[in-house]
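The following pair of complexes shares a single chain, subunit A, combined with subunit B in the former and subunit C in the latter.
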Partner chain A sequence: MRNFLIWAVVAVALIILPNLVSFSQQEVLVFLTINILVVASYRLLTLTGEWSLGHVVIMGVGAYASALVTKELGLWVPLGILVGGASAAFIAFLLSYPLFRMKGFYFLIGSFAAGEIIRLLWKRFRDPFGGAKGIKGIDPMPDFSIGIYQFDFFEPVSYFYFSAVVVALCLWILWRIEKSPVGLTFHAVHWQDKLAQASGVNLRSYRTLAFVIASGFAGIAGALLAHYIGTINPNSFDVEVMVFVLTWAIVGGTGTFYGPILGCIVLTILNEIVLRELGLEQTRPLIYGLILILSILFMPNGLESIVQKFTRRKEAK
Partner chain B sequence: MFELLAQTGLNAAYAASYISLVAVGLVLIFGVMGVINFAHGELFMAGSYVVVALYADRMVPFFVAVVAGLIFVGILGLIMERALFRPLRDNPLGGLVASIGFLLILQALAVLGFGVRMEYVPPLTQDVIVFADKISIPVARLYVIIAAVVMLSALWYFLKRTRFGWALRASAQDPEAAALQGISVTQTAMIAMFIGAGFAGLAGALTAPLVSVNPHMGHTIIVTAFIVIIVGGVGSLEGAVVASVVYAFVHTFVTTFYDGVLADITGLSLMLIVLIVKPTGLFGSADRA
Partner chain C sequence: MTSLLEVQNLTMRFGGLTAVDGLNFKVEKGHIHGLIGPNGAGKTTTFNMISGFYTPSDGKVLLNGEEISGLPMHHVANRGIVRTFQHSTLFGELSVLDNALVGTHMTFRPNIFAAILGLDGAARRNALDRARSSLEFFGLGGLEDELAGDLSHGHQRALGMAVAYASRPDLILLDEPFTGMNPEETRQMMGLMRRLCAEGTTILLVEHDMQAIMGLCDNITCMSFGKFLAEGGPSEIRNHPDVIEAYLGGARHVA
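Right after this comes the complex of A and B.
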């Protein structure tokens, strides 16, 4: 009952929040929900101990797929988003054959290479990917009404509600997966791989499963992004974006489910409120770089370690 | 047809020279410290900007500017070693992440100091040497080739014939045993970092008049360097040089006969194939990484 109340308060707060902020901050909220899904899905992959540098490109696969099926085939947009997720998962499944012959550092570099190849293919083939200019005029979400609220997707507020619901649903699924026996096996694959193998766990198929699921959700995030901004190109998914995702995850800490999400929210607030208000947009990479270095040096477990310190202290009292 | 092939071969030799300088530095750092330096492309960029600041803007003689580039970037390497890699010695992923942070900082500093525009670096010389009427090589490119050969030979001599070089190789092979022999791991790490970073700076400085200098140029360089060290075998200096030559020839030929994007795809595919078939690379041993 208490939990239900907390979630109800959170839901009400999320419904009110976008009405209190400016237009550009409403847009930031939309991006924030999408980015949360990206880092949360990234964490599922890191559960098995593998760090990929191709996650953002996989997200791009979802964006391109959804943009193409809705634009060229006229598919209904919500279905297109699902197709985006499925395509990203499928591409990840194909990539898992070469990539999971590698581990650790080699996997990192291999995933980077695979991602760059995909990105260069988008650049090279103007038909159907639109070359370096990408795809423009992607169909927006069709407006609809649920009785009490009229969704008008020209308004960022409406898209925020829509993406918040989709993302919340995805996060719930990711959470259920992590707490299921499959999720526990992911942990085992990372921390006790020899023991897990000796107990009959097929390490490779579990790594693949984590990679495919994480990629599917990244694809959904990419599709949400594509239908919101309406235009995507190969540079929307380059390694710079990947570095941001990595920063969110590391600053937040990947030890817990909420760690990366916390990192994403805190850094977005820092970025949008502090940097933009102070007019320090250009120094954003500088500050991100410093934060990344300082957090790996002094807070290797991320922001979540601070949260845990506080909650533990409370329990001790 | 023969002229075209010979010409492309010469262009490839030029590319191989500066790529091998960068890749050898990356391998040296990895060998001794066990971290992959993601900021290596930005060290190259820093070397280029030293030449922009001294030679293009302040009329300092080119070769003085190049030496300054080597030393400046070498010192950047020492800073990285002291501030990032030494505290994170037991955390290889941490070193990699910290180097990504350093990359962002260097890039932002270049943007703040020089702006995002491309820098114009006046060519050192317009002279061109022509063989057999058709095949030409600009003298500026020849300098790069000569400098690479000289510096790589000097490095080879240093590593194989001097006490410092032995110490360096010993701590690359087995840090604990080397420490027991009285070799200072910290000192060898500093030497490796200075040389590794300095070589990247040297390559950047030498090629500054020949490429478009901008704050984001490091990206192409680091991708190329990764391909080369994977194909050559992570941790193998000879492998890095051989793979640089192989990669430069493949890339230059595909660019000449097809197009640049396809050449990039070919290079990356080459790396993926090596990773799949023989992850230790052409010359690598299975020990490290």
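Right after this comes the complex of A and C.
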């Protein structure tokens, strides 16, 4: 009951929130919502101890796939988004064969290389990927009405509501997975793969499973993005974006489910309020780099460690 | 009658070193079988080959007459052979209960769709019961919520066995389970192993504590420098001239 109340309050706050901010801030809210899914799905992969540099490209796979099936085949956009997720998951499954011959640092580099190859393919094949210019005029979400509210997807507010519902559903699934015996097995694979395997765990399958699920949700995030901004190209998913995702995850901390989400929210607010106001937008990569280094030095367990300190103190009282 | 486990001409070479050299022995169902030998004799390497951690350079491992050598470790585990490690190997960052739950993996296979939809309640409860009973068996009942890494050395050894026991294996390979235990803990652990065996689990035991080995084992295989040396009951092994010679050469005493 108490939980239900809390969630009801959160929902109401999220419904009100976009009406309190400016148009450009509403747009930021949409990106923030999508980025939360990117970074939360990334955490699922890190549960098995592997860090990928290809996550954003995989997100792009979802964006391209959804853009193409809706544009070229006329598929209904919500279905296209699901196809985007499935395509990203499938590509991840194929990539798992070469990539999971490697571990740790080599996996990191391998995932980067795999991502760059995919980006090269997008650039190289103008049909169907549109080459370096990418895909333009991607179908927007079709407007619809749910009685009390009319979704008009030229308005960022409508797209914010729509993506918030999709992302909330995805986060709920990610959460259920993490708290399940499957999630425990991911932890086991991470902390002591020898003992996990001696307990009958097929390491390769579980590493692949985490990679495929994480990629599927990244693909959904990519598709959400594509149908919002209407145009994507290979540079929308380059390594600079990957660095942002890594920064959100590391600054927030990957020890808890909410850590990376917290990192994403705090840094986005910092970015929008502080940097934009000060006119320092252009220096964003530099400042992100600085924040990353500072947080590794002075806050190795991320923002979540600060939250934990407070909640623990409350418990102790 | 085929034995539960049989190794034939088992051999492991590391570069120029032959760590295990043409080893043969059989483990009968329902026995506690000891595998002893001075330091560096190749006991752990033998375990690694039986459990599938290493692929033997030569020779075979047979389980109920079926060859299992070369299978990966999780396949061997699924056939009913589970091992512990010489150096306490646990999920140190996870709770004691979660460690035991990982041990139930084979019996209660996680199903991701059931988990998302909340349809695996019964399986989770059964896994929890199994994990708790395994902890209880090894006297860790009150420590469920501790982090495995924070346990005392003796408790860590016990937890390693509880994780293995949680899968209810047919054959359990224990690599020096008594190291780091005080005499009282050792005595209790010996009692638990007898109980385990009485419940139908066959045990293959590597141990330097001769009192424990002699007190527990139905049958003992002794090896030295990778080679088979002698086999027999405790009294035969205790008085076997080659065994005494190997241990005195290795500056260790046979109790």
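Definition applied: the second predicted complex is superposed on the first by the 317 of 317 C-alpha atoms of A that agree within 3 Å, B and C clash if a C-alpha of one lies under 4 Å from a C-alpha of the other, contacts with A are read in each partner's own complex, and residues count from 1 in each chain.
As a convention for this text, a contact is a pair of C-beta atoms (placed from the backbone, for glycine too) under 8 Å apart; a residue touches a chain by one contact, two chains touch by 3 or more.
Quick caveat, the model's predicted, so the values are computed rather than measured.
**Student:** For A:Ile250, using the defined touch cut-off, is the partner it touches subunit B, subunit C, both, or neither? Pick first, second, both or neither.
**Tutor:** Touch partner of A:Ile250: subunit B, not subunit C.
**Student:** Check the contacts made with subunit A and report whether subunit B or subunit C touches more of its residues.
**Tutor:** Between subunit B and subunit C, B touches the greater number of residues in subunit A.
**Student:** I'd like to know which partner A:Gly263 touches here: subunit B for first, subunit C for second, both or neither.
**Tutor:** A:Gly263: touches no partner chain.
**Student:** Just subunit B (first), just subunit C (second), both, or neither: which does A:Leu286 touch?
**Tutor:** first
**Student:** Just checking: does A:Leu184 make contact with subunit B only, subunit C only, both, or neither of them? Give me first, second, both or neither.
**Tutor:** So A:Leu184 only meets subunit C here.
**Student:** I'd like to know which partner A:Gly60 touches here: subunit B for first, subunit C for second, both or neither.
**Tutor:** neither
**Student:** With the two structures laid over each other on chain A, which partner does A:Tyr106 touch: subunit B (first), subunit C (second), both, or neither?
**Tutor:** In the superposition, A:Tyr106 touches subunit B alone.
**Student:** Under the stated touch criterion, which partner chain does A:Asn202 make contact with: subunit B (first), subunit C (second), both, or neither?
**Tutor:** The answer is second: A:Asn202 touches subunit C but not subunit B.
**Student:** Just checking: does A:Gln192 make contact with subunit B only, subunit C only, both, or neither of them? Give me first, second, both or neither.
**Tutor:** Only subunit C is touched by A:Gln192; subunit B is not.
**Student:** Enumerate the contact residues on subunit A facing subunit B in the complex.
**Tutor:** So the residues of subunit A in touch with subunit B come to 51, 98, 101-102, 104-106, 108-110, 112-114, 116-117, 120-121, 123-124, 239, 243, 246, 250, 282-286, 288-293, 296-297, 300.
**Student:** Contact residues on subunit A for subunit C in the complex?
**Tutor:** 173, 176-177, 180-182, 184-185, 187-188, 191-192, 194-203, 209, 213
**Student:** List the residues on subunit B that touch subunit A in their complex, please.
**Tutor:** Residue list for subunit B touching subunit A: 36, 83-84, 87-88, 91-94, 96-98, 100-105, 107-109, 111-112, 219, 223, 226-227, 230, 234, 261-262, 264-265, 268-269, 271-272, 275-276, 279, 289.
**Student:** Note which residues of subunit C are touching subunit A in the complex, please.
**Tutor:** Those residues of subunit C that touch subunit A are 51, 53, 72-74, 77-78, 82-83, 85, 89-94, 98, 101-103, 105-106, 108, 110-112, 115-116, 118, 120, 123-124, 127, 163-164, 166-167.
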